[in-house]
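To keep things clear, I will list the structure first and then write my remarks on it.
The first chain written gets the first letter, and so on, giving A, B, C and D; residue counts start at 1 in each chain.
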Amino acid sequence: MNEWTRRLMNRHADKIAVGVLGATGSVGQKFIQLLQNHPYFEVTEVAASPRSAGRPYGQVVQWTLPGNIPKEAARLKLKECQPDLQCAFLFSGLDASVAGTIETDFARAGYTVVSNAKNHRFDADVPLMIPEVNADHLQLMHQQSYGTGKIITNPNCSTIGMVLALKPLMDAFGLQQVNAVTMQAISGAGFSGLAAASITDNVIPYIKGEEEKLETEPLKILGQLNGGKIDEASINISARCNRVPVIDGHLESIQVALQNKPQKKDLIECWTTFAGEPQRLKLPSAPLQPLYYFAEPHYPQPRLHRDIEQGMAVAIGGLRTCNLFDFKFNVLSHNTVRGAAGGAILCAELMKAKGYLQ
Amino acid sequence: MNEWTRRLMNRHADKIAVGVLGATGSVGQKFIQLLQNHPYFEVTEVAASPRSAGRPYGQVVQWTLPGNIPKEAARLKLKECQPDLQCAFLFSGLDASVAGTIETDFARAGYTVVSNAKNHRFDADVPLMIPEVNADHLQLMHQQSYGTGKIITNPNCSTIGMVLALKPLMDAFGLQQVNAVTMQAISGAGFSGLAAASITDNVIPYIKGEEEKLETEPLKILGQLNGGKIDEASINISARCNRVPVIDGHLESIQVALQNKPQKKDLIECWTTFAGEPQRLKLPSAPLQPLYYFAEPHYPQPRLHRDIEQGMAVAIGGLRTCNLFDFKFNVLSHNTVRGAAGGAILCAELMKAKGYLQ
Amino acid sequence: MNEWTRRLMNRHADKIAVGVLGATGSVGQKFIQLLQNHPYFEVTEVAASPRSAGRPYGQVVQWTLPGNIPKEAARLKLKECQPDLQCAFLFSGLDASVAGTIETDFARAGYTVVSNAKNHRFDADVPLMIPEVNADHLQLMHQQSYGTGKIITNPNCSTIGMVLALKPLMDAFGLQQVNAVTMQAISGAGFSGLAAASITDNVIPYIKGEEEKLETEPLKILGQLNGGKIDEASINISARCNRVPVIDGHLESIQVALQNKPQKKDLIECWTTFAGEPQRLKLPSAPLQPLYYFAEPHYPQPRLHRDIEQGMAVAIGGLRTCNLFDFKFNVLSHNTVRGAAGGAILCAELMKAKGYLQ
Amino acid sequence: MNEWTRRLMNRHADKIAVGVLGATGSVGQKFIQLLQNHPYFEVTEVAASPRSAGRPYGQVVQWTLPGNIPKEAARLKLKECQPDLQCAFLFSGLDASVAGTIETDFARAGYTVVSNAKNHRFDADVPLMIPEVNADHLQLMHQQSYGTGKIITNPNCSTIGMVLALKPLMDAFGLQQVNAVTMQAISGAGFSGLAAASITDNVIPYIKGEEEKLETEPLKILGQLNGGKIDEASINISARCNRVPVIDGHLESIQVALQNKPQKKDLIECWTTFAGEPQRLKLPSAPLQPLYYFAEPHYPQPRLHRDIEQGMAVAIGGLRTCNLFDFKFNVLSHNTVRGAAGGAILCAELMKAKGYLQ
């Protein structure tokens, strides 16, 4: 059975109704785009701030993605983010300024929410998920006291690509130190988060709160599940974050110190053979191969490689031994697909496959 | 006596005749622009490859800098790079593919050449100069066996800004480790060195040979002059170099491990009070203050700060303690001014002030 | 029978062997990319300049398109552009500096060549094709004296989008005057045709020879076939061409004077109902709808709409009455797909459907 | 007496106190920058919206221009835009959403306001000024009924460059038709007026209200003063406006139909010899030569030529005869200098020289 047949067979009529919170925003639009014709999920509810509510989604949203607004979504009436939506499962693209409370309210009302916001990422009972890396962390949900409702979170966009590249190294060689300098795309700032006059012919060497996220989130994601809680990984991480004039795709210069002393070819083999639960379960959004290694020294590049496997795979290159650490290499991932909406959808697919939905 | 009066008094009629090798290239054009109305030097000769020679400079050069070609230079007849030019002093903006031999030929014929090319940088008897940092290294010239001719070199554009920021830290606190990730401007690749189709909406995480330069040149520049040769500094440096879609201005994310354990305010004071020979000698191209520190976390930025002190000063910001090293900070310098033509002119001014030019 | 089934049925095992001349260049690479898995054609030969010949295509080409080099093409041995290739049909992405002679040589040797170069566009017996516009012009080939060999040409990239938008207006209302100001993408200059340092933060208000092409090619394309030759259309055209910092997609500000005096809604209906031979013949590369009209005043935009129907459709918007002409509107088309390789492939599909290939 | 001496002699101690309304915005910042060390004017008041008022300007403003905030301005306390400021003369960089009422209030209270906003541009008694073009229109002020207060307006940024290029043609050859297609810079949209995600790798073929301004403002500016009112010029203008990813500098593709039928050289002579009242009066901000003509077909370009004469001159190039009009050419002007703050300051200098300021 080939890839195409497999995916086709996954499609069935009885789809799970889902809603999108913050549907008019940058991440919300990406959810709407990626969930179009999804084999498991069907968007039946779209919600945003009260001032947008009441009219059809297609008339309210300032659609900023290439291509047209999916027709089915355009017809949906935009509602407020109140826990009376007609679906049990929600994707949240809400801004951190409001996400915390709204997501809690929905969880308390019995909804399951997969969130892109930072607010609940470090709640002890909330999984911070990268499906290929820590599928077992979903069990944390059992600790939650929201009743039937649940909150699951997606890491920060710059964390996801890096951790996917680090996970096989940690498993094979022991990971002690990570140094990261990021060059992050404009779309990571939300559609109107960045003025054109500020980033054209420029680099902004600062993204508020970003370095802290990159220095802490990997510790939880790479941590061990231990009796209903996470023992954080013992890795020393330093991060510096820059915004560059690129539309999509976060590029990261990474350096690592490893416990064992492998050779370059060992790392490359580790990466190219890496697979996780999404690949074993053949989840519909899973990349066939999560990590791609490029031998060309000038690869990967954001514009050329951000769309590998529809933006769900991570590209690695530029591997060199390092004068200060063991190795340096570059990591590229699509920040609004793998790093946001696509990652959250993959997580929801994992939850369905594992029986967490119904 | 104010700054203006001082500079005005430096102007005098009997200027030193100078030539520019590789005058039609990117660095060559910058030399022509910056030497216009220079108080010490007057461009009387322009030379380039044989196929360009024979016609007036203004008719041959594809002028790519804002503003017009200086009128005096436009009228000069473009000559071949043969050691029969009518001036004793030369600035070389030649490409490394030809610079080595041509510069040697000129030195042997009695010319003094200040070069931007990499070819002679590591010759044991050739100074690799940043005037504020290692003015005393000019004495290396006495070891040269070219007769009256001499070769002096300018470091790589990405080296200069970094070393200027490191020098006061080394002197005050001892410098042990340096980690650098650069985001370098388009103009560093020469005018046609980079295709528009390759860098628009993109980052290229590789510049051939650049990481090696950044890992080795500082060791010579920061080394000690010891009995006619340089003892290289004992610093461990790792560099990663990226090209970003910015016209001018190299931004560098730097991390340092220091011997003494200073506080943030100590570093800032070190930087803002730093001055070198060019400041003491009040050289015409010297910035009044070589290093500027910005407290705003999102500063410095290439487009906003590359032109500080006409592009001759270096901007520093984003100082934070680091989980892996002692500190991290960002350094910005104008790659074609301080990092190339401007730096070479400052070096020539230093040589004049020190009596090396007649 | 739905669209998918129709296209699937078009696929068959006995494909026509084709070659690509100038396969390593910008247009050549696009041919290789678009011909991958083509239902009619299979690339069996790749040819380029002598200095590239002899090695596998994948080792020689500097692949600059997103995604990887198609595996089958990568394995092909790159040959010289000599008329001894093992295929009867050729797509030419050769540069105009060499295309004229080489294409003539191939035609004389019995090959059929669909060319993107300008050299033969105005040969009286050579069709200048936009399949939706002048399918009947293919008959011009019968006038050629190359024996079994033939030359067919694709118009200039900026001509194609404009003429597709003008054709239905001409048919319905009579077309008297056309004024065009273009804003053309970087990729139109070939991969290394434009230095990054020249176009970043800039517009270049000149493209050599482009205004002349835009002022003359439409007259032939929109002309009438009359007894084995073309009577050129009687339209007065003025064009001004600019290069802008956009990767792909030529945007054109068009003004027209029409014989009849229609209303805005009449133009819109004309455009949205337009179809040509490729649509009637359901050719594999034909857009289902060649022209899209956008009512939003700020549409179409290069980054948002260049990929409509895989880059084969043309987007129109901004229709307003004009103080000097009758109407003004904007036209956007993907310059390397519809405007080059994709357009040439559609032309070849038309030739096959019409029985011109065996 | 040379240019330098002349300008120096203009400097004197008793400067006129001026204020800037909307001082924190994009145009307001440019006023602050350009008025630093101005020979006639000294900024003593800065005003903005109530929520910004009360703190020092330097602490409130998000300074976005290269270089630092002028020290004197940084210390000024930011006030509300209420007519109790301690200066009789005001520059307004207010947004059109509030400028109308505020400027009227100030005029009624006896202040003289030079405004960049569109609100009062078409008031019959308000001059719409380009000092080189219609210095005599200042007399319109006498019709105003504000008492001692007055309102004078600056045209739209895209109007100014075009009209400066058209004025000498109108005077010499009679101007009948003008067709304009603009490619306007990001900075014209105000600092945060345009999202980075919307314009990177893109062109937006629409600027709200801009085409109407360009089609109407020139008629008033080029009109004749006739008994206390303006007889508008009889010119037919059509405009199409685009936003391009350029930081500063509006480039315009212009076509003209002229009454007399001059030759190319006649137009060029007209332009290069053009001068107006500011040049005759040797006003401090006046360009020595208002119009520069470039013979190179690919000039002028925004990045290379926007700063000619500190951004106060207009660059023209690409002159060609036209198939539909008489001539086509390109016009470039710096939109925030000549097209906004610089133009308004030149107007104020004219007013002072003409005795309108005490």
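Here is the rule we use: a residue touches a chain if its C-beta (ideal position, glycine included) is under 8 Å from a C-beta of that chain, and two chains touch if they have at least 3 such contacts.
Given the structure is predicted, the values throughout are model-derived calculations rather than measurements.
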Which of B-D and A-B has more C-beta pairs touching across its chains: A-B
Label of the chain whose CA centroid is most distant from the centroid of chain C: B
Inter-centroid spacing, chain D versus chain A (mean Cα positions, whole Å): 48
Mean-CA-position distance for chain D and chain B (Å): 39
Chain A-chain B separation of Cα centroids, rounded to whole Å: 43
Multi-partner residues of chain B (at least 2 other chains): 64, 200-201, 245-247, 303-304
Chain contact topology (line, ring, star, complete or other): complete
Contacting residues of chain B [partner chain C, same complex]: 26, 64, 186-187, 189, 191-201, 245-247
Chain D partner contacts - residues on chain C that touch it in the complex: 177, 179, 181, 183, 200-206, 208, 211, 215, 236-238, 240, 242, 244-247, 251, 253, 255, 297-304, 317-318, 320, 322-325, 328, 330
Chain D partner contacts - residues on chain B that touch it in the complex: 64-67, 200-201, 247, 303-308
